[in-house]
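Some structures to go through are shown next.
Paired with chain B in one complex and with chain C in the other, chain A is shared by the two complexes that follow.
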Partner chain A sequence: MRKLPHKDVAIIGLGWTGSIMAHGLSEAGLDVIAFERGPWRDTAQDFPPTYAPDEYRYRVRHELFLRPAQMTFTFRNNPSQTALPIRDWGAFMLGNGVGGGGLHWNAEMWRFEPSQFMLKTHLTERYGAKFIPAGMTIQDWGVTYDELEPHYDRFEYLCGTAGTAGNLRGAIQPGGNPFEGPRSRPYPTPAQKQPFNATLFAKAAREMGHQPFPQPSGNMSQPYTNPLGVTLGPCTFCGYCEWFGCGNYSKASPQTTILPVLVKQPGFTARDNCEVLRIVLDAGGKRATGVVFVDTDGEEWEQPADLVLCCAFTPFNVQLLMLSGVGEIYDPAAKRGNVGRNFTHQTVSTATAFFDPATHRFNPFVASGAIGMCIDDFNGDNFDHGPLGFVGGGYMGQVQTNGRPIETTPVPAGTPTWGAKWKAAVKQNYNSSVYSGSGVHGSFYSYDDVFLDLDPTYKDRFGRPLMRMTIDFHENEHKMSAFLTDRYAEILRAMGATRVDKLPRTGHYDVTDYQTSHLCGGAVMGAEPSTSVVNRYQQSWDVPNLFVIGASSFPQNAGYNPTTTVGALTYWTLDAIVNQYLKAPGPLVQA
Partner chain B sequence: MLILNRRRLLSGTALVLFTASSAPSRAGTIAGALPWAPGAAAPPRPVVPGPWHFFTPAEGRTVEAIVDRIIPPDPDGPGARDAGCAVFIDRQLAGPFGRAEGLYDHGPFVTGTKQQGPQSRLDPATQYRGALRAIDAYSAQHHDGRPFVDLAAADQDAVIGAIEDGSLPIEDVVTKDFWTMLLKNTRQGFFADPVYGGNRDMAAWKWIGFPGARYDYSDWIDRHNEPYPHAPIGIAEAPLWRPAASK
Partner chain C sequence: MRKLLLGTAAFVLLGAGALAAAYVATDPKLPSGPQAESHGDAQSFSEVEYGRTMLTVADCAACHTAKDGGEPFAGGRPIETPFGVIVSSNITPDRETGIGTWTDEDFADALWHGFGKDGHQIYPAMPYPYYTHMTRRDVDAIHSYLKTLKPVHKQVVSDTLPFPLNIRLGMRAWNLLYFRDGRFAPDPAHDDVYNRGAYLVTGPEHCGACHTPKTVLGGDEAGKLYQGNVIQGWTAPNITGDRRRGLGSWSIEDVVEYLKTGHNRQAASSGPMAEEVGLSSSRMKDEELRAIAVYLKAQPGQDDGAAPVPASDPAMRAGAAIYADSCASCHRGDGSGVRGLFPTLAGAPVVQQLDPTSLIRVVLQGARSAATPSAPTGAAMPSYDWRLDDAQVAAVVTYIRNAWGNQAPAVEAGTVAKSRRAFAEQAHPVE
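== the complex of A and B ==
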């Protein structure tokens, strides 16, 4: 294997987290190399407005995503089953290529609620330890909302997030989310304009006593130049947003916020189509000496580096640790190990509402990935769980992103799936129904029997074991989903719907059923090495010159989209590396 | 200073995926400037009408008959046959989709729970071939030796019902999984951009009122509950672009 010249920093993955770290560390004067297993991608070449609006190519055939032949996982609901490979994607999608998931996300940009970061302490104090269901393994994060606030702010200003503040330094603001944590200044840009369905939803919710506000959005409401000097243009509500790249430079992504500056940074190099196979450790296993990657020729190279950053997205961060022998893999039977423990996803549900076509015309195609009006009254611990017998919650809203007809032709439940009746129902309802795929964005708390480890049977294209996902819904999440979906349906009825079909999350986790791409946990952060893989700065407890960055650090997943919190954690870690670690390389927290 | 050094390595054992239209990319190094290759954009390759690429003529007729029952013509809107859904499926089966390119194809192949998703060892093209044979065999068995295309509409519907409920046996294929694929492919052909061979003349888009590949609705976000006034356009064409005489 050939060895390349030494670098200060090797970054694995050039999506959101990798781009932020590469920019910050090369700005600090370090020699940085970033490896990306997929191709370089840019607007003009990969999704210009001339052919970006292609539902079949991007949404159905997954052109911008990782393909399972490159890497997949095995899946089962519980340890008594034999896991089988995910042969084609369904429940979640994975980025591949420069920009990562940040290229084809919706850009729904939520902060987590302050109590989330102290979840176990908070729930125990309010409801007592017995209220937390058996087997649930939630824990505190080791970092607080107040510590993260400046870093939330930095990520939002990088992205130009459009929204209405609900809490400015403790003062509740009209029209914003009154439940959000205090923010130090308003959103960088005003909220997006809203379509008919969202406006009706907000009106109905307000009349029912809820507190609606516009969803924080990374789809620009106006031109915006970020602190790096990169400019985004206004969103045109094209309706080809999530799963697609934006042809208008209107959606916050590494491409539209960082990369044009990053590539010009002296000391920065990227290698695309190069997949990192493992992190190399020294003989004692306590220090990373670099990474090994493979190019498209099948040739393996070693890249020595002083600092290694895993920025590969949740499951790949965890997998790299497992395949490199960093830390101990979680074993639920023996109750040992932390790598792979507290893996989570999301508990999404919705309801479809049908209206009289003579009076309602929604034009569902006039939309963007993060548009919509929401309420947060039933998220986190914003409501009393005592009488309800579950923990967790979610935001809910009219957040319909599209009217793309392969995906979005709602028909009432019970309609045949083909033939003249189906056809008539499609025609009748296309323009007079509302359907938000993730209308109810429920939390997914962690459990001792939801985890990642290595599969004993199936192999990747290099002959290494695939990672195995063991994941199912629990009674707590079923109860939560039923409650939240009922509240959501009430609002849809109050909008004037003639019929509402509820779709609460029931039964087993199904790997063919899309549920957001918010995989979290598996290399969680915390105050104690006994219950976490990384410390409060996302630094490995075992290998202090290795940082594992992203939603893999979440001890459990909240009822929000993860990336704004991921961005905040990334800037928090960047700050710790630049201002503490580089001055005295070593553990930032003593175990 | 511009240092643009994209190493163009020959594709070897590593996996390089071809997308529908773009060339495979190779490992490269990027520093100093955004990598920029003129002419590297990859618009979709339009389907050209003509003979079947994958189906035999008899298979093509059967698929046309099946999709036309799944989405039947009515006075209000087109049926799947006239919309070109069979052509769409044919071209897809002749391409990367038909070969299951990009999917995970290592064994062992074991049928699992519904939640674990399809586990067939056969690619979509092979599944279609076997299914079409099975559909004719089933039709013959239940309807005096006649193939599917010769059945009355109600009898065709009964055969399709037997695919849907899984009672029509297909060798080495889970019938319900095949039905899921067939139904999806038919709807995809019906509603996809016409560049892929279905949704001819954007008939399906016009029928429901979807404006297609228009990319700018800035002027309509505030026009709540008002009909959108413009006809659909596609990636490669607009029905409006015609000599007046043929409109």
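== the complex of A and C ==
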């Protein structure tokens, strides 16, 4: 294998976290190389407005996503089953190429609630340890909301986030989310304008005593130039955000916020279409010496580096640790190991509401990925769980992101699934129903039997074991989903719907049914090496010159979209590397 | 058309060349008198530093550094001219393949008169008809800076023009017709700022090389300074004080911001101008850019008396529909654009040039705007060549040129068809 000249930093994955780290560390004077398994992606060249809104190409045929032939996982619901390979993505999508998930997201930009970062402590103090269900393995993060606040702020200002502040330095603000943690300054841009369906939802929610506010959005409400000097344009409400790249430069993404500056940064190099196969460790296994990657000719190369950053998507970060022998793989039976432990996703549910076409014409195609009016009254621990017998929650809202023709076919339950009657029902209801893909965005807390490990049977194209996902819903999440969906349906009824079809999350976790792409955990952060893979700075306990960055660090998943917290954690880690690690390379927290 | 033009040019060149033979024989090769004195001193910080700034003003890197990681100033970049492709020379101090053996006199002779050291004539793709206005101090300073570069051993074959244009003797006849030797003289009727601008524009910046209309032989058309030209498949727009097509509607600050960042409240540079901004004007001092703006805005425009195409014209109606469908999401329905991203079209001089080449080009092929340190976004327009046919491009371009109070001649489908073919065949397009 050929060895390339040494670099200071090797970054695996060039999405949000990789771009932010590459920019910050090359700015600090380091020689940085980033590896991206997929292609380079440029707005005008690769997803221009002339064909970006192609629902079949992007939504149905998964243009921007990883091909399972390149890499996939096996899946099962519980350890008693035999896992089988996933051959077509369903429950979640795996971004591929420069920009990663940051290119195809909706840009719903939530901060997590402050109590989330102390979740186990908080719930124990309020309800007692016995209130937490058996087998649930939630834990504190090792970092607090107050510590992350400046980094949340930095990410929001990078993205130009549009929103209405609800809590400015402790003072509750009218029109914002009263449950949010204190923010040091307002959002960089005002909230997006809201369409009819969201306005109606907010009115109904307010009249029911809830506290609606506009969803914080990375779709621009106005032109914005970020602190790096990069300009984004105003959103045109085309309704092609999630699953798509934005051809109009109006959705925050690495492409529209950071890459134009990063690519000109001295000391930065990127290799696209190069897949990192493993992190190379020294003989003692306590120090990373670089990475091995494979190019499109199938040739393997070694890239030596002083610092290695795993900036791939959640499961790939975990997989790289497993395939590189960093840490011990979680074994639920033996109660050993942490790599793969506390894997989580989301508990999404919704309800579809039908209105009288003569009085309600919603024009759902006027939309953006993060548009909508929401309430946070039933998220986190914003409400008393005592009488309800479950923990967790979620935001809910009228957040219909599109009216795209192939997928927007709301019909009342019981309608035939094809044929003339189905067509007539679609025609009748298309413009007079509200149809949020994720109207209720529920949390997914961690359990001892939801985890990642290596599959004993199936191999990837390099002959290595595939990673195996073992994941199912538990009674706590079913109860939560039923409760939240009922609250949501009440509001939809109050909007004046003639019929509401509830779709709470029930039964087993279904890998073919799309929820969100919010896979979390598996390489979680924490204060103790006994229950975490990385310390509070996302630094590996086992290999101190390796940082594992992203939602893989979440000990459990909150009832929010994760990316803003991923951005905040990335800036938090960048700050720790630049201001602490580089001055004295070694563990930033003593185990 | 291109071949025909080439043939005519060659014929005229040869004829003129014969007439000029007697003159050539007695042409004094070097200047004499005090001007021949050397000021170049590669040992002096201030001289070298001044030379570097003047070299930036003169934008030598644009031609003499090959794209995509070419060694600085080692030449080898193909330069597209109306007569064929010329390859730029190596101007590093390599003694064998560069200009390492050149004296300051040799260097000044090249910049002022277009002679290489061995006495061979340089093609006026090297803008000596403009550099001839430069002071000896500035020329020497540039040479001083070049002497400090790493010598790069790289042989460049620059004789790439087809017969008979490869006979460099012909250039002497060309010089007789179009070249006026002489240093810049300030105009006492104007102030220092104007005169500084005049010096920079007519001399080192050589703005006229692209922006002044050319004769069939590639010489500047008399009396039409800076009134716009077509070069390398782009329209180099009118940069006089003309209010509709030139810089008349831009403030001094608008011009300075454009040259500094590649963008201003209305425009975004792309094509060869984006390259100029990146390599040259974005690196210049604000006061020099101001002087350039003052001078250019004082230049007379043209009174072309073009009438607007009426909104009722079928092409305008089709163009309005295409615009709403394909253009309005970025450039906005009223043509106002988005500052820093999508250029303004309403009232913009660049869309109202008499020649529509750039506009057609940008619609067909797309274009990337300049990314500079103070405006790093570098947004790009996508290509529409696969989506709009010739008549549709002609309609939307006609519409853009005549909507919102704009006024410029209609564009025919046949013109788009010719452009489409020409762009597709262009060997060295500027992105």
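Rule of thumb we're sticking to: the second predicted complex is superposed on the first by the 591 of 591 C-alpha atoms of A that agree within 3 Å, B and C clash if a C-alpha of one lies under 4 Å from a C-alpha of the other, contacts with A are read in each partner's own complex, and residues count from 1 in each chain.
Convention: a residue touches a chain if its C-beta (ideal position, glycine included) is under 8 Å from a C-beta of that chain, and two chains touch if they have at least 3 such contacts.
Bear in mind the structure is a predicted one, so any value in this text is a computation, not a measurement.
K.L.:
Going by the contact rule set out at the top, does A:Val261 touch chain B (first), chain C (second), both, or neither?
P.N.:
In the superposition, A:Val261 touches chain C alone.
K.L.:
So, does A:Glu300 touch the first partner chain B, the second partner chain C, both, or neither?
P.N.:
It touches nothing on chain B or chain C.
K.L.:
Given the touch rule stated above, what does A:Pro223 touch, chain B (first), chain C (second), both, or neither?
P.N.:
Second partner only, chain C.
K.L.:
I'd like to know which partner A:Glu328 touches here: chain B for first, chain C for second, both or neither.
P.N.:
neither
K.L.:
Who does A:Asp8 touch here: chain B (first), chain C (second), both, or neither?
P.N.:
neither
K.L.:
Would you mind checking which one, chain B or chain C, touches more residues on chain A?
P.N.:
With both complexes superposed on chain A, more residues of chain A are touched by B.
K.L.:
Could you tell me if A:Pro48 is touching chain B, chain C, both of them or neither one (first, second, both, neither)?
P.N.:
both
K.L.:
Now for A:Tyr249: first (chain B), second (chain C), both, or neither, which partner does it touch?
P.N.:
It touches chain C, and chain B stays clear.
K.L.:
Which holds for A:Thr236: it touches chain B only (first), chain C only (second), both, or neither?
P.N.:
both
K.L.:
In the overlay, answer first, second, both or neither for which of chain B and chain C A:Lys423 touches.
P.N.:
first
K.L.:
Overlap the chain B and chain C contact sets on chain A and report the shared residues.
P.N.:
42, 44-45, 48-50, 234, 236, 238, 247-248, 260, 264
K.L.:
Using the touch definition up top, name the residues of chain B that touch chain A in the complex.
P.N.:
Checking each residue of chain B against chain A gives 9-17, 19-20, 24-35, 37, 40-44, 69-72, 74, 76-77, 97, 101-106, 108, 110, 112-119, 157, 160, 164, 183, 186-188, 191-193, 195-196, 204-205, 207-218, 220-222, 224-228, 235.
K.L.:
Quick one: which bits of chain A touch chain B in the complex? Just the residue numbers, please.
P.N.:
Going by the criterion above, the answer is residues 39-40, 42, 44-46, 48-57, 60-63, 67-70, 72, 75-77, 81-88, 90, 193-196, 199, 234, 236-240, 247-248, 259-260, 263-264, 268-275, 294-299, 360-363, 365-366, 403-406, 409, 417-420, 422-424, 426-427, 430-431, 457-459, 461, 508-512.
K.L.:
Within the complex, which stretch of chain C touches chain A?
P.N.:
326, 329-330, 338-342, 366, 368, 371, 373-384, 386-387
K.L.:
Name, in rising order, each residue of chain A that touches chain C in their complex.
P.N.:
42-45, 48-50, 223, 225, 228-234, 236, 238, 247-249, 260-261, 264
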